[in-house]
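Here's a structure for you.
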Amino acid sequence: MLKVGVIGCGYWGPNLIRNFYKQPDVELAVVADVDASRLGFVHDNYPTVATVTDGMEIIGDPAIDAVVIATPVAAHFSLALKALQAGKHVFVEKPLATSVVECDRLIEEAAARGLVLYTDHVFVHTGAVRKIKQLIDEGAIGDPYYYDSARINLGLFQRDVNVIWDLAVHDLSILDYIMPQRPKAVSATLHQHVPGAQPNMAAITLFYETSFVAHITVNWMSPVKVRRTLIGGSRQMIVYDDIEPSQKVMVYEKGVDLFNPGSGDEDIRISYRAGDVWGPKLEGREALDRSAAHFIDCIRTGAQPITDGHSGREVVRMMEGAMVSARMDGQRIELDRVGSGVGRTGIRRSA
Amino acid sequence: MLKVGVIGCGYWGPNLIRNFYKQPDVELAVVADVDASRLGFVHDNYPTVATVTDGMEIIGDPAIDAVVIATPVAAHFSLALKALQAGKHVFVEKPLATSVVECDRLIEEAAARGLVLYTDHVFVHTGAVRKIKQLIDEGAIGDPYYYDSARINLGLFQRDVNVIWDLAVHDLSILDYIMPQRPKAVSATLHQHVPGAQPNMAAITLFYETSFVAHITVNWMSPVKVRRTLIGGSRQMIVYDDIEPSQKVMVYEKGVDLFNPGSGDEDIRISYRAGDVWGPKLEGREALDRSAAHFIDCIRTGAQPITDGHSGREVVRMMEGAMVSARMDGQRIELDRVGSGVGRTGIRRSA
Amino acid sequence: MLKVGVIGCGYWGPNLIRNFYKQPDVELAVVADVDASRLGFVHDNYPTVATVTDGMEIIGDPAIDAVVIATPVAAHFSLALKALQAGKHVFVEKPLATSVVECDRLIEEAAARGLVLYTDHVFVHTGAVRKIKQLIDEGAIGDPYYYDSARINLGLFQRDVNVIWDLAVHDLSILDYIMPQRPKAVSATLHQHVPGAQPNMAAITLFYETSFVAHITVNWMSPVKVRRTLIGGSRQMIVYDDIEPSQKVMVYEKGVDLFNPGSGDEDIRISYRAGDVWGPKLEGREALDRSAAHFIDCIRTGAQPITDGHSGREVVRMMEGAMVSARMDGQRIELDRVGSGVGRTGIRRSA
Amino acid sequence: MLKVGVIGCGYWGPNLIRNFYKQPDVELAVVADVDASRLGFVHDNYPTVATVTDGMEIIGDPAIDAVVIATPVAAHFSLALKALQAGKHVFVEKPLATSVVECDRLIEEAAARGLVLYTDHVFVHTGAVRKIKQLIDEGAIGDPYYYDSARINLGLFQRDVNVIWDLAVHDLSILDYIMPQRPKAVSATLHQHVPGAQPNMAAITLFYETSFVAHITVNWMSPVKVRRTLIGGSRQMIVYDDIEPSQKVMVYEKGVDLFNPGSGDEDIRISYRAGDVWGPKLEGREALDRSAAHFIDCIRTGAQPITDGHSGREVVRMMEGAMVSARMDGQRIELDRVGSGVGRTGIRRSA
């Protein structure tokens, strides 16, 4: 029986508690939150689970095998580091930390101690994203051309992080999972419309070695909710609409063929292909259940998580690079230069 | 009776012919196209209209009062200039020319001769865009926050211009019409997925003096057609969906209010407003009919067109700046520096 | 402190328990279900609430003031009657009973004892339906022309009742609430596609004294979920789409005007009006919370519930009439003839 | 070279003219319309085509091989009969005539003379309906369960026929084409909301020998346009949305399976299947072009049209039965009893 403790019972904590509670051969032993009023939820719904207001009690408890961290982002690093140093496996809500330097320190600590460091990139465990990865891996879309995503809605303004760290993080983690290559550079813009609040609108372009490109727009100030990702390829194209209740992934047999029978550009002929449309059945299992189970399984078997510390670091690196670019209104930033120092990554730390 | 000649009878020419043909007290006298096979359309449908294969015949005809230019973009400048020099009023399909320098030359010539130089930014004459301008002018949306537009579909790849000059031009002309201020700078990326074909995907961000920002994505390689523009403001927000058959403009009483009862950022409280939604009735008149009528009216009354040479120049300036930025993968380009020399604007000229 | 007991903890029971639990100055004292395994849910989530397997224990408990009945439909009547005879106020899940005769008996018993008999027509308490009633009452749509509703999806096949009693009941209860007049007659068809299962598809037409007509289609075997109701009137028309997450009610300034300047039908001229579209903001309160509160309020104040026994009887009368018509493949049945005897209403009683 | 004349150049006539004009080895020789102002359209667009105001001139012209009739419905029969008697092949706009008796007379005359009698059920020639027929024929949907169609919008009120003859005729012709069996009986209701205008709303249920059922709602007074047909089967289900611009036909691997391991109804277990969704590519050819070509081909080869007189008669029989049922507010009418006499079919004849 593996014993797990959860630190943080805010917006997302209850979902983590519910899913770890039901993992077989796992005991969710204790939940911590600095706000004692949040712990009533645990008392009422999970009377067998202990509660504390200081997360360090969990980290210091020798009976605990693994710690789940669901606090505000600024606290991820210090809690995760202490938990690793105390010999615990660690599951951290996305994003893993606030900078590449922090991520590197966590990766190093986990490796040195042989512990699992897990980033909860939860979208990676949805049936939709898993199917998309499968389609790309099988070559169904051909050469990938682009990933173009809009993730916009009204609110919820975060207090500690801007819209890139809140919303774009999902697209970046999906990209890191589905694409065999990683980006070389980034261009981003970031905009604040409500004085005193976090920047609420951003556009990010990621450049790769090939002509593949990723473009992401995020916005907390949209009158309508949109969660639509287009993935273009040379053979087929995918529309992933996460709001659609029944068919989130549709595959289009569409594309362009180019003929150049002559010698010059003038002779180029383009023809358009449009065939069937297909909506594959997706696994219905809750993503967070699968994510929790994967973390537990990696602890037991020693397997490397698909969303390990390196994956968490890569996503943070893209965001850190995007923040640098945004401060220069879109200037291209080479990602291999990101992470050598402590960046100003836009995370607001409490006093 | 005003006599009009049309040069160019390709994709868009028939629409121009149809609409100029029906203007009251206007005689559509002659149509030119280098491809004689295109002129059969004129013979069959407008037997009273003469046809020629050389547009210079129209420009050289003293009986013609006004010339409508609907050729490939690269020919706009020289034909428009010659027509102005021959004393004709000129109506040019968007974009006005391939560079700011060209636009300046046309504006100068028209002004010196007291002739109307008209850019056919046709979306400006739609009921939807006119209503949006009215809502902004009346203060219905409050302070404008952003314009965010997606204009994507499969094809039609243009041979002579890339996707910015083909699709983004619409958004830029709408912006120039509806916004009281003009942008200061631009960041853009441009991507080519089909070797030998024109670049097919772009993202453009326009920076303004205020926190208002415009973001535009265009793509010829999307499996689905999207024409959706969001316009955010402090009081209300607009969704303009040009594909929606019945209600293209919807106005949302949505927004965010910020309270800061205390002294620090920690005390900020955000509340969300969501009230009624409203879809105003739009004028149904065909945009091109209104555009043609406006051109004719300006000739008759001496009024300045709402889409005059300066408006055409401004749109070209944004695109020329976007091209410069795109060649540097998104670097911010100050728009007041654009236009001092002949840029490489991505327009392909035939051999 | 009013003491309430709930009989039945199946599909809908947990929602009733949650909402009665939170009513102010109400004690949800006890829940009954014949299936003891269902009671674990109560233990886990509401440890202060007692549980029993025999609903008669609740009815026989003198400390209980009101009984909520959420059992299979066939048991509604006998439980509700016994509860009334034991002096309890009664809240019955829709439909109130299986026949008009049963409804009359319950109404009579409640009236004789001065008790509240409440039918939980829960849609009546939604923000959408309340707004629609307000619009009709205010004359916003003019003379009502029709109510046309499609309520279809895949499953959930009920074991004890057919699709009319499961899905059409919602439309009939909405109609009874929003329309000032009640129907005179009904024509219905009912179809069974899965041998051994309940009939899964039906169409119902209700005739009124005026030219107003209601038409309802319901289906458990549709590949897509649709919950769309059109309400036409002489001045405006309403589309109520209960699946739409954000704007469930849209009001269209659309209609037809008729001119007859001459004397005969030949001279009739029809013109079409199409103006603005408007989506009023709707109350967000959960319908079942409002319904539970209304029941409690009626007990305290002696007010007549808007969904009282008569309303419950009217809905059952329409369904009983529809069943008679359906057995004759659509023959018109006068509703004032329904209810004089025990009908074969298609409710399956357990052995 | 086959010579064709068209009688009637109203709403639909121009489409017929355009499509017959382009058929190879066919000469569209002459168009007739009693309203001479309609003939200007022909002069302007088809200067080689002669025009007359009296359709009898076409019927009496020995050089004409085939006559296309696109007049108001009430005139179909007499014109078609005269054209057949004059030895012409006849193409009649839907519906073929106003009663079964009329249809029988036309069928008899055509058979006696060996002429083609063609009913223009144009939807039968769309890529969508052809694909649906193919799917049913191949057994892709399994046993057909139902056809459920909504065909509603605002206007266009017809002057001579009610909404059944204007809109439901499309569904009835599609049913006659795609289903291997023909209906036994009909129940219908018909409603008039605008005094002096034709009845504008109807619901029709068609009963078959099997449990298959067809249900159709039509309405000229809907605020929104809907053209959605659901076709349920034991294996798969089809959604045919004729408004959808890109994917009109979607096939759902959805259904219900029933297990009855025990002996009684109590033991029935229902399970739900939901697999992939698939949108087959549809032929893009214009339906009316295909229809015109099919008529011409049948004249040349002697083949029986798929929409011959019998098909036209069957659709009229369903509508005539529906009218009888509607006058009795939905009473079931056996279709084999329809057509023995001249019915009151709701067609308004001019004075």
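A, B, C and D label the chains in the order they appear, each numbered from 1.
Operating definition for what follows: contacts are C-beta pairs under 8 Å (C-beta built on N, C-alpha and C of every residue); 3 or more make two chains touch, one makes a residue touch a chain.
Nothing here was measured: the structure is a model prediction, and the numbers come from that model.
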item: Chain whose Cα centroid lies at the greatest distance from that of chain D; value: A
item: Pair exhibiting more inter-chain C-beta contacts, C-D or A-C; value: C-D
item: Centroid spacing, where centroids are CA-atom means, of chain A and chain C in whole angstrom; value: 44
item: Centroid spacing, where centroids are CA-atom means, of chain B and chain C in whole angstrom; value: 54
item: Rounded Å distance between chain C and chain D, as computed from the means of their C-alpha atoms; value: 38
item: Junction residues of chain B, two or more chains touched; value: 224, 246, 274
item: Residues of chain D touching chain A in the complex; value: 247, 250, 253, 274-281
item: Complex interface listing, chain A residues touching chain B; value: 145-146, 148, 150, 152, 154-155, 157, 159, 185, 187, 189, 191-197, 201, 203, 205, 207, 211, 213, 215, 217, 219, 221-224, 230, 232, 234, 237-239, 252, 254-256, 258, 260, 264-266, 268, 270, 272, 274, 325, 328-332, 348, 350-351
item: Chain D-touching residues of chain B, taken from the complex the two chains share; value: 44-45, 47, 224-225, 243, 245-246
